[in-house]
Every structure is written in structure tokens, then in C-alpha cells.
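In order of appearance the chains are A, B and C, and numbering begins at 1 in each one.
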């Protein structure tokens, strides 16, 4: 089951440049929340702060309060590795581990964290691949085919399965379908819709129609600030802020 | 629609273009031949000169005293193997370790210093390395040894392995590392099990290059392994090595020894090629190829 | 991309306003026909119906294309939705004008009777409503649209008064029942046109403010 995310006063910097200004946002559990905005508005930075990936970049830092369920992500006792185990991430360009088979790719997060039980691994891999709607297509070649030999859309679903295998509570997706063709995109969107039953999903997208199709809530970011955050229908039919309206109607960005 | 900016090609121009194309291709082929030719020439010459002297006795017997005919370089073959094993045990881990540091943690001033040092070490004459190891180890231990020979060769392996490892690790796209971090895999684990594994083909090639280079070195062994007429499998005793024996026999006045020197050279080349091939075959079996 | 879309929106607006002009013209001609008892005005209204229907078809098609091809959002989306609705209302206005013209043709064939109902005044009021509604659309002014909503009550009262008076007349002088009935129907057609003008005004408010003010309420999105 998913958990909600409470963000209060989140600030982030790349070196001296502030890229996020005191963001407050409540992401409800088991919903899909989209984050939209023009290039450079901070939407990717925001999402990467949720699972402490932001600080893996040299000279990057973040401050503020992010609570995922009961976990205080930036709390004093918090371990970034542990945070990332509980918050999964799928990236823009599918990035399966190149030298590993399909099975090993999905199991990587488990195996490399010490999980060894053969039978349970098999079960978890199957379950994850089924959740990612990829099982039927690869079940005969789990150990023979490498992760990189799949098509783009399949690779991305493989990455989703890999992220799900470690059983996170939240799934972050940074423009997951932007590198894919329309059919694969549609499959991924369908998948996202299904996933919200089990997980809380936050998706960054620059494609407004995609946000409109998959998300229940949408947040509009501009120059590091959260301008408007509301039900998706409201944002795309009667947005409250003029800047939001200018963006969604394509007048800029 | 015809392009009005570019002039339309006339017959003469397209003929000129085709000739240039053939010329460039021919030049490339010629260059390839020029590179391969010395290699083939050496090999063919070795075979011609040496194959006559390669026989069972050569491969299984130790050298006879000077003046007597017969005998072989069996102890040299084994000794070379022993010394190279020690060298690899030193050179490969230290080299890969340095390479990992330079690629993953050393993108800074300190890393630059290490890189520079590695490049300098690479250029140090092999005899200087030999003498250094002689004064550091051989004099302290008061005897020559296979171990010290291995140390000398191992030191020479380090820069090649380190630089190759660093290059190959840097070629692994950062998104792969990020994918691993995103799964909650700690950085050290990511480096070893994901990044290094992805780069492994290139790293192994680097190790092979280093191995092939030091396998034929003679000068560093002069003051370390020293050579031995007899069998020796102990690491702390002077040990025979093929390269040393080839050197000794080649400058000797004996005809029989000259012939054996050719045989020894041929065997040495074959051993190196064999070792590289063996590693290639065994490692490619366990590796998944990307599409 | 944006300029092509903007051109499409401008085109839609222009066509709708032109169609509005045709509808207003139909009302005016029908009114003139009633006042002058000249059948040529009736013929003009009947002949003009085809153009109005054609305009409706074209506007719907253009709107559909823009929705499919440009995926408009927010105010642009509301605008196109408003256009489609106003389109339908204007076509109905055209129909009502035709109905009035047919009633007038009937009246012309009957002997002229003096009836205590001021149809031209009612028609002027209704025509003003349609005009103002289209103005509010042209300028995107919700306040002007709101004024139109106020006027509907007046027209309703006029129709009710006419109804009472005409029923009384039919009762008193059964010989002029036919004419009275015609006038009654004309009054009702005019009242329907006023309703359509009100709809147009509500659609404009929806477009400009995002508020659904139909059926007497004001519904803003939460």
C-alpha cells in the first residue's frame, strides 16, 4: 500500500544557484500526482529531492522537511540509501543494466542488498514483471536475453519492474515515456493508472496531455516555485493563476 | 527539387571524387598492412628459426652445462608462469583499485596528481624498476627471488591497468549508476557490482595488455629473479624465466644455445597469445552482450 | 504551432459573429414583415435560412478539428465549447425567425385586425438582447452578458401579458381567433428567441469566467 508525502519548506541548490524556493506540497497516498512546468522550472529537481537523489550531484544540496509516510527523509538519523530503497525511481531514458539478463536486472535491487533466497527471488521477479505488464512478453527468456536487447518500451517496463521489485511505497517517475513511441507511451500510461492501487506515484512530465490523462492532481512549477497545485481537471479547465493558464494553453514554455 | 545553392555535379567532378575515394581507401589498407607486416614478419621469422628446436626435450628438461648440447627451458617456462602469477596478483588488484578510485572518487586535484604519477611510472625504464626492487627487496632479503621478480613486473603493470580501468569506468553512462542509487544500492556496491561489471570487458582487455607487455620483460628480472639453471618452485629463491634464458643463450658463443634461444622466443610468444586467448574465451562466456 | 491555433480561434470567432449577424437580420426582417404586412420580407427570411444552417455546419466542423488537432486547454477549451453551444442557439434563433415569418404570411392572408399587443416593441427588446449577447461574445465581457440575463425577465412578462390579452380577445370576438392565435404564436417565438439570447450570454460567462451560471445558479469549480 502507498503512503502520502508531506513536503514543507523544501529548498534546493546547485552550488550557489537556488533551484527550489520553499516548496509546500501534500501528495496523497495511492494517487497519481503530476508535476508540470517549462524547462528549468525545478520539477525534476523537486522529485529528485524526494528520494535524496539530488545530493548525488557534486555541489548539490537540499534543505527542508520531506515526510514519506512516517519516514523523515531529511531527518538527522536518516540514511539516504535506506530512503532510496523505500522510494523507487524510474528515469527518462530506459537504463537497464547492460551486462545483466532480464531476470538479473529485475532482481538487482534485491540481490545487491543481500537478498539470496532463490525461491523468493523467483517469485518477486515474476510478481514485479507482472505488475509492470511485461511478464507475458519475457517469461520464456528471463535468463537468456539481456536487459538491453528489448525494445524501448519494453526496457522502460523492465526498469519499472526493477524499481517495483524492492517493494517501495512511493514510485517517482521522471518523464518516463518521453523517449517512447505512442503505443509504448500508451501502455506505460495504462500501467501508471494501474499502479496507483498499490503505490503512490509522482510523475514529472512536460507533456500536458499526458498529465491530463494519467494524473488526479497536478502541480505547476515555475522558476523554482510551486505556482498552483490542484485537481488536474481544474488546472486544465479553469486554472486560478494566470501563469498557469499561460503555460497550459501554450502561450509560453 | 534541385538544390540551387550547391553546383550540380559534372562528370569530371564525380570522377575526381571517385578517384579520391579509392585513393583514401587504398591508403587505409596500405597503412593496415604496414602495421601488421612487422608483426607477421617477426612471427614467421620466429617460427622458421625456432620451430626446428622445439621438441619434447626442450619443453621438459632443464639446461645442460655450457658446452654440452641438448637440454631445454622447462624451468624457464614454469618460472615465467610463476613470476607472472605473482606480478598479476600485485598489478591487477592495485591497478583496478587505483582505476576505480580515479574514475569514481578522484575527479579532483589529488586524482590529477595520481594520474600524473601513473603516467610517469609508465615511462620509467624497466631496468630502473628492476634496480629499485633490487635495492628495496633483494638486498634486504639477501637473496634473489621469484617474488621480487613478480613485484617488479607487477609495478610495471599497475599504470596500464589503472588507466584502462579508469577509461572504461568513465565510459559507463551515469544513468546506470543513478539507476543503482535509485534502487537503494550503496555507492561502493554500485561501483563494484554494477559499474565495474558493466566495464568489465574493457578492464580485462587492459589487464591483458599489461600482462602481455610485462611477460616479455627481461631487464627487471636481471636483478630480481636472477635466473636459475635448475628447477625452482619456491617464491623466495632465484628462479628461471624464459626471457632471461633467451637473453643469456642469445649472447652466448654456443650455436646450440642460439637455436634454443629462438625456440624459447617462439614459446614465449605462444604462451602470451595463449594466455590472452584463454582469458578472452572464459570471460566472454559469462558475459551478457547488449543488443 | 500557436499562431496556427490562434488563427483557427480567430476564424471561429469571425464565423460565429457573421452567423450572429445573419440571425439578427432574420429577426429584423421578420419584425419588419409584421409591421409592413409585406410578404417580400417573409420571403427573405425563408430564403436566408439555408445560409444560417450552412454556417452552423461549418462552425461545428471547424471546432471539432481544432479540438482534435490542437488539444486546447483551459480558456481556449472553454472558448471552443462556448462556440459550439452558441452555434446551436443561433441556429435555433434562425428557426424561430422562420416560424415568425410563416405566421406573418398567414396573417397577411387574413383580414387585418387591431390587436392590443405591441409585437414590434417586444421584437425590439428581443433583438436588443440578441445583439447585446453577441456583443458580449465579441468583446469577451461577462458584465454585458449578465445584463442580458436581466432582460429575460422583462420579455417573459411581455409574453405572459400578451397571452392573457389575446385569450381574452379570442373569447370576446371568436371571429378573429385565427389572427389572435397567429399573434400569440409570434409572441411565443419571440420569447423563445429571448431564451436563446440568454443561453448565449450564459455561454459567454462560462467561457470568460469558467463559471456555470445556467439554470439560475452560479457554479464555480472547487
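Operating definition for what follows: contacts are C-beta pairs under 8 Å (C-beta built on N, C-alpha and C of every residue); 3 or more make two chains touch, one makes a residue touch a chain.
Computed from a prediction, not measured in an experiment: that's the story for all the values here.
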item: Chain separated most widely from chain C, comparing mean CA positions; value: B
item: Chain closest to the middle, measuring from C-alpha centroids that were averaged per chain; value: A
item: Winner on C-beta contact pairs when A-B is weighed against A-C; value: A-B
item: Rounded Å distance between chain B and chain C, as computed from the means of their C-alpha atoms; value: 92
item: Intercentroid distance (Cα basis), chain B paired with chain A, Å; value: 46
item: Interchain centroid distance [CA atoms averaged], chain A/chain C, Å; value: 52
item: Contacting residues of chain A [partner chain C, same complex]; value: 208-209, 212, 231, 233-234, 236-239, 245, 248-251
item: Chain C residues within the chain A interface of the complex; value: 1-2, 5, 71-78, 210, 220-222
item: Touching residues on chain B, where the partner in the complex is chain A; value: 107, 173, 175-176, 178-186, 189, 193-194, 197-198, 200, 287-291
item: Chain B contact footprint on chain A (complex, rising order); value: 51, 53, 56, 58, 81-86, 88-89, 91, 93, 95-101, 108-109, 112-113, 146, 148-150, 159, 162-163, 166
